[in-house]
Structure formats: structure tokens, C-alpha cells
């Protein structure tokens, strides 16, 4: 009996508190901005940091709207994609069905974006992704927009060019077995071989792997088979990247070749382990990833982020901030309606310069201006520094 | 309450060494749904006696044993052991008080050796604890003492040769003997045996009862034995109780029972 | 398949097989003594790994101290799981399926507690701070300090566990419980106490395995869960009751995932991404063709046959 009463009391309290917020915002137009990101799994830290970037954008926007006397306010509703395609679909469904959100920022990886695609297309919900780059999601006319970060069709060219510049006659690729990893491998191989590169031996590892000694042995054997002139390209997720370097650091072949790799290899966790940092330093590790460009907004964003969360924004967090801004600006212009947002988002995006680069979308709804930073690990392994930039639109590398 | 029942000790044993009732059942009843398996049974087991319990299949003998051992919950009545009411105790508590039992199908650890089977019931072993178990020195002497006793008991029941054999490799009769021997390790006062000779060759069956008689003689252990082989039981039992349809039909010495008209009628079909 | 690859893969087989053995023995012990196929075992491993990580981050880099901390935390996690969940369920005499589901739930709860903790203190994908060095090198045979810790520790612990089980009164009671738990109660074995000790032992071993696994890869809340299918495959190969069978099973699984996988990759182009399918194939094949696993190969010798 007491149990029942407690439950009833709790329900009553919940309803009261809901009613209270509803009353306070009675005269407001609430636009819900969905946030679907991986909050758990090896990308969990990314997801959580991205959410902070989005929260900052929403807070700034609401402050401006209030100051301007607007009745519109943005609210976020977030759900965990669990870093899987199925999880992303569930997250999107949860957000849309519980809040009626028309626009969702996220998810993170291409596999998650593709997982959420069907629900978004069928329900007229617009997805604004900030870091998905796999060419597999470059589809014209769908409800998916991938702003700020360009597809890997560009960066794969830069990786291929660097590999050739470094004189690698053959390449060994280790990549995650998902839309992003497979796409990067295909594009890289195509570009590398089109420009005079030799054989490419590719090994895929299962996305959930946490232990990669088998893969390291296979990569090592393939490199040994090619001889001294081969290079190694690692397209790994965080977690798997550390696990791979952990076993690779005592492999005589892997420690004697040069490495290229995606940005997951440049995480703080990686450099915190001295053995890992040293391995990357010895391998002259180079990555082509987020833009080295800055805009007048970049330092403002960094300061505001520090002020709000008392920590520095992580890698790509400003992209999440920019994506949220593009989504909100479009909603302000077109209204809280998926179809209108879909129709108008390219126009708004093409008039937006955020914290990194000019946003500009191609016919697939993907970022078309491709600007990257090329980073190399410091000799003592203590950090990464920018050695150059890559302009994907003109396919030119500029070293500093 | 102890005084109350000592006064009712069967007069038959007066003048002998046996003076007190070790076990007393008072109006014990067990119902399974509508079926009354044990109906208002009262009996007394004097200390140091060998008591036989006979009756046709389904007469409630095994249920009675289970009720005493705490394996079955009574419907009514009381079980008094050594002056204490044990009616509601769980089997392990009953065991601790000194009532051990043997089963129709010998209940042994078949994957363990004979000696292991013997050592398991020993109470309060030092090496049982996780802090002592890894340090051989702390419990080795004690273990050696227990093992010595176990081997001595095994020798009594002629199983010494097989101490390192897996229990599953023993013959049916040997298993029965091991079961009895194991119950001795807990230094029981009363042993409840359910058909100790079932499935055992006649010669070994007789040996089992000789062991029982010796254990009573040498250790003063009291026995309550359910048995179908009356020819053997009658050679050893002091008193025999006859059960029929859950009721106690008769009680008496072997000679009395063997000549009891009603018993012969229901039991031997005469 | 080049000889260097064969050598490396065999070294990996031994190293990873030893870790699998350490984890799988706990599963076999839980199943034999407690009659519970415990999927939360994965999280005992992870909890131990996090204990090891936190100790190493606090500046203690003595591997023995790290493993001791992992043992204690793993053991306590297991005991708490037993007292809070498994024991009350057993007292209600629930079915095996309920217990299996409960073990999934316990694992999930521990996993997400670890997630919360890892998130709060930012402890994702970190490594236990013992640097990796090469101890021995002869041609393509390379043995690291990690190998020197993992393999002897695992073998030593397996030997100690076998001794404890077969040569002490506590072990005798565990075997008795595994053999016939109803009888155990009747003849006065302190069943609940023995179960508590068994959980401590199982959790402790899992914790140490977690510490060693965290040296091998990186520590994250999913690490134990990622390994559990391989570990269950090893235990199922051991028929869930035989110690020697489980150890052999662990090496068979590790061999299939390393040497056999690389052989298939190198000679027949089978994608390495199929590696996670191997333990599933083993489990299905064993259950279909030989449900008793290796138990019949190793009769007797103190095994935990039911």
C-alpha cells in the first residue's frame, strides 16, 4: 500500500514539475534540436564533448533570441547511438517520437549516419552530421546533410599523395570494417594506384575489437613481404588504435616503417602512454584531418567553451558547434518543419562561416570545400603540430 | 520438559544399560494433499537400540525417516531428540545434532575418492577457510588426524583398501558401507538407515548388519532401520515396528512380531 | 604462410590463450559449483582491469601490487553480485534461464557503473602504465616483458587453483558441491560459506585476468564483454565442468583466432574481420557435435564433472 502511495506521489510530483516548466514557457515557441551521438563506447568521449559544443551553441542562440525579444527558444533532446547503426536508428526514433523533433544534429560515424538514414528519410526528419566522412553516405536528395567536414574522397587523395611523396612503393592498410573504414580504404587505394602507387594489401578488423594482435601480425607479415619501401596506413577507431599500437610497438617490421593514419591515432590517450607516443614518433606518423584554418570566430568559441565547461574543446568539437548553428539558423529561417529545413539548409549553409571553414554543400548534401590540416607527431611524442595544409578542391598540399 | 518423557521409557529395557529414550515421535502426521502418508505415529527409540521399521511398500516408512531427518515438513505432531524438540529444524541442523542417515540409493560423492567422502562431514575444519586453505601448515596436522580416524573407520567396515578409489567405482554393497562409515565421521548418536541392504548380495547384506551390530556395541550408536529383508533384520533388531497405510500396526520384540497375527496377515499375506 | 608470421601468431596464441584460460576457469568453476553460466564474469574482468589501471595511475607500477588490487576488486565485485542478486534468486529456486538473464543484467549494471566512472574521471582506452619492452629476441621469435608476466602468472594461478581444489579441505568441499549440492547440505557442509569463498576466488581470478588483459590491450568498460564470447567458447570446449578441458579449450580458441585465422587470411584471403565469428563457430560446432567438449578426454584427475 505504502509502495503504491509512493509511486503515485512520485508520478504526481513529476506531473507537477512538468506542468511548472510548461507554465513558465507558456508563451514561448520551443524548437527542439535533437542530438544523436555515441555517449558510450570508444567514441563516448567524442560524443560527450560534441554535446557540450552543441549546448554552447544553443545557449548562445537562446541568449541572443531573448535579447532580441523573440518568442522562439531552442531546447536539445539527446539520445545515445551506442556507436552502432542500429543504436543510431533507435536514438533517432526515440528523439523524434518523444519530442517531435524535426532536425537532429549527429550522429558521428558514417555507419551510424547510414543506420539512421531510413528513419530520417521516411519521417521527413533532417540529419545534420558534423564528422561523418565516408563516401558511402554521399547520396543526392536524401534527408542527410554532412556539413563542415568533407567526405573522405578528398582526404584519401591527400593520404595517397603523401604516401607517394614519401616513396612508398607498396602500401599496407589496416582499417575498421565499417562504412567509414571500407570507404577510406577503397578511395585511398584508387587514388594511390592511379598516381603510380604499387600494390595495396588491406586488412579489415571487426569494429568491436579491443585486441588486435592477430591484425598486427598480419600487417607486419604483409609489410615484410613488400620489403623496405612499403608504408603503413592505419584507419582505426579509438580504443582499437591504442590496442593496435600496444602490440605493434615491439614488432620489428612495424617499428621500422613510416605510418599514416586517421585522427583517432592522435588522441590524448594515445600520447599519454610513452611507449605509444614513441612508436608514433619513430614512425614519422602523419595524419590528414580537421582543418587547420581558423576564423575570427575560432578564438571566441574556444574562450566561451572554456568559460562554460572549464576545459578545452576536444578535436572536432567546434564542428559540432558549427553544425548546431547551421541547423538552428535554418530552423529560424524556415520554421520548425523538416521539409522546409531540408529545402533551405543548403542555402543557409552556403552563407555560413563558422569556427573552421566556409560551409558549402555539393549535390549530395556533403561539405564541398575541403580544407585539411596535415599533422605530424613531435619527435619526443609529446604532441602533434601542423606541418602543412591540404586544399582538397585543388588537390594541393602546402607544407609550412 | 525433559523429565516428562524419561518417565515413559519402555519398561522392557529397564535393568539393562539402556536407560533413556533417544528419539521420541509424538502423534506425528504427514499429509500429501488428500493422502495421509503418516497417520498419528508415536514411537520411542531407546538409546543404544537397533530398531527395525517394516511394512509393505507405501506404508509410510520412508516418509517417517524423512520427517525425523528434517527433509520433509510434518503436518502435525512432534519429534523429540535427546530431550529437544527438533520438529522444525532443517536437515543440516538435524545432522549437526547427531542424526545421520543413509539412503536407499547410496548418497555419495561419486566423483570423489572414498577418503574424500569420509572427510567431508567433519565439522569445523581449519582448512575450510580461504585464509587457511592456501597455507598447508596451518591445517595439515588436523587433516592428518581426521584422515587417520577416517581410515580407522574404513578399516572397520573393510574399505581400507579402497580409500583412494573413486566412490563411483565401488560395488553396491561397498557404497552402502561407505555411506554408513561416512555418517560415523560426524559422530552421530542416531543413524537412520533406509534399506541398507537393498540391491546387495545376501552375503554382503549379512555383513552390513554385522557391522551395524558392532557399531552399536563399540560406539553405542542407536539405529533406526527400514528393511525389507526380514530374515536378516530379525537376527539383529531389538524391537520392530510395523507400519501399514501410515499407521503403526504393531510393536514388539522380533519373536512377538514374527508371530503377530495381524502383521502376518497384512505383511506376509497369510 | 611465412615462418615469421607463424612464430608471432604462436606466441600470441600462448599469450592470449593463457589469459583466456584464466578467465574461462572462473566460468567453469561458477558453473560447476554454483550451477550458473555467469555472463557477468566479463564485468568482473573489467572491474579488475579498472582497479589495476587506477592503481597504476596513482603511481604504483609494481605488477604484483597491481594484480593484488585487481584480485581484491574482482573478488569483491563477484561476492557483492552473489549476495545482492544470485543468492536471493537461488533461495527462490528460480529456473536456470532466470539465472542466466540475471547474470546478463548484473553484467550490464556493473558495465554501466564502470562507464559512469570512466566518463567522470575520463578513463577510456588508457593503458596500465607498465611500459612494454622486448625481453628476448631470436630471429622472428620475440618475447616481451608482457609475455613474461602474462604466461607464468596465468600458469601459476591455474596450478594454484588446481592444488587448492584438489588438495585442501576447502577445495574438497567445492568439489563436493559441484558433484552433489543437495547431499552437501544434508551432510553438514557449510554450503553458503563455501559458495561465498568460491565467488571470491572466481572474481579474484577474473580481476587478475583483467589486469593482465589491460596490459595486453587498452582498458575500457567494454573490454571484458568483448572477450566473453571467446572465453565462453573455451569453457564450453571444456564441457563447462573439466578444468584440464577448459585450459585446452582456451588455447584452442586462441589458436583458432590467431594462427588459424592468419593461415586462412594468408592462404585463402579470408578477411580478418571474421575473427569475432570464430568463437561462435566453435560454440555452435561443440554444442552440435560434441556437447561434452573435452571432458571425455580427461577422465578423473579431480575434474568438476557433475
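Read from first to last, the chains carry the letters A, B and C; within each, the first residue is number 1.
By our rule, contacts are C-beta pairs under 8 Å (C-beta built on N, C-alpha and C of every residue); 3 or more make two chains touch, one makes a residue touch a chain.
Worth saying up front: this structure is predicted, and the values here are computed from it rather than measured.
Trainee: Draw the chains as points, connect those that touch, then say whether the picture is a line, ring, star, complete or other.
Mentor: Topology of the interface graph: linear, an open chain of contacts.
Trainee: Between B-C and A-C, name the chain pair that shares the greater number of C-beta pairs in contact.
Mentor: A-C is joined by more C-beta pairs in contact.
Trainee: What whole-Å value do you get for the distance between subunit A and subunit B if each is reduced to the mean of its CA atoms?
Mentor: 75
Trainee: Taking each chain's centre as the mean of its CA atoms, how far is subunit B from subunit C in angstrom?
Mentor: 44
Trainee: As a quick test, compute the distance in whole Å between the mean CA positions of subunit A and subunit C.
Mentor: Those two chain centres are 35 Å apart.
Trainee: So in the complex, which bits of subunit C are touching subunit A?
Mentor: Spelled out, the residues of subunit C in touch with subunit A are 2, 4-5, 8-9, 12, 15-16, 112, 115, 119, 122, 124-127, 129, 131-134, 137, 142, 144, 213, 216-218, 220-223, 226-227, 257-258, 261-262, 265-266, 271-276.
Trainee: Can you list the subunit A residues touching subunit C in their complex?
Mentor: Going by the criterion above, the answer is residues 40-42, 44-45, 48, 177, 203-206, 208-215, 217-218, 220-221, 224-225, 238-239, 242-243, 246-247, 249-252, 267, 269, 272-276.
Trainee: Provide the residue numbers of subunit B that touch subunit C in the complex, in ascending order.
Mentor: Touch residues, subunit B against subunit C: 69, 71, 91-92, 95-96, 100-101, 107-112, 116, 119-121, 123, 125-130, 133-134, 136, 139, 143, 166, 182-183, 186.
Trainee: Subunit B touches which residues of subunit C in the complex?
Mentor: Residues 160, 164, 167-173, 175-176, 178-180, 183-191, 193-194, 197, 200-201, 300, 303, 305.
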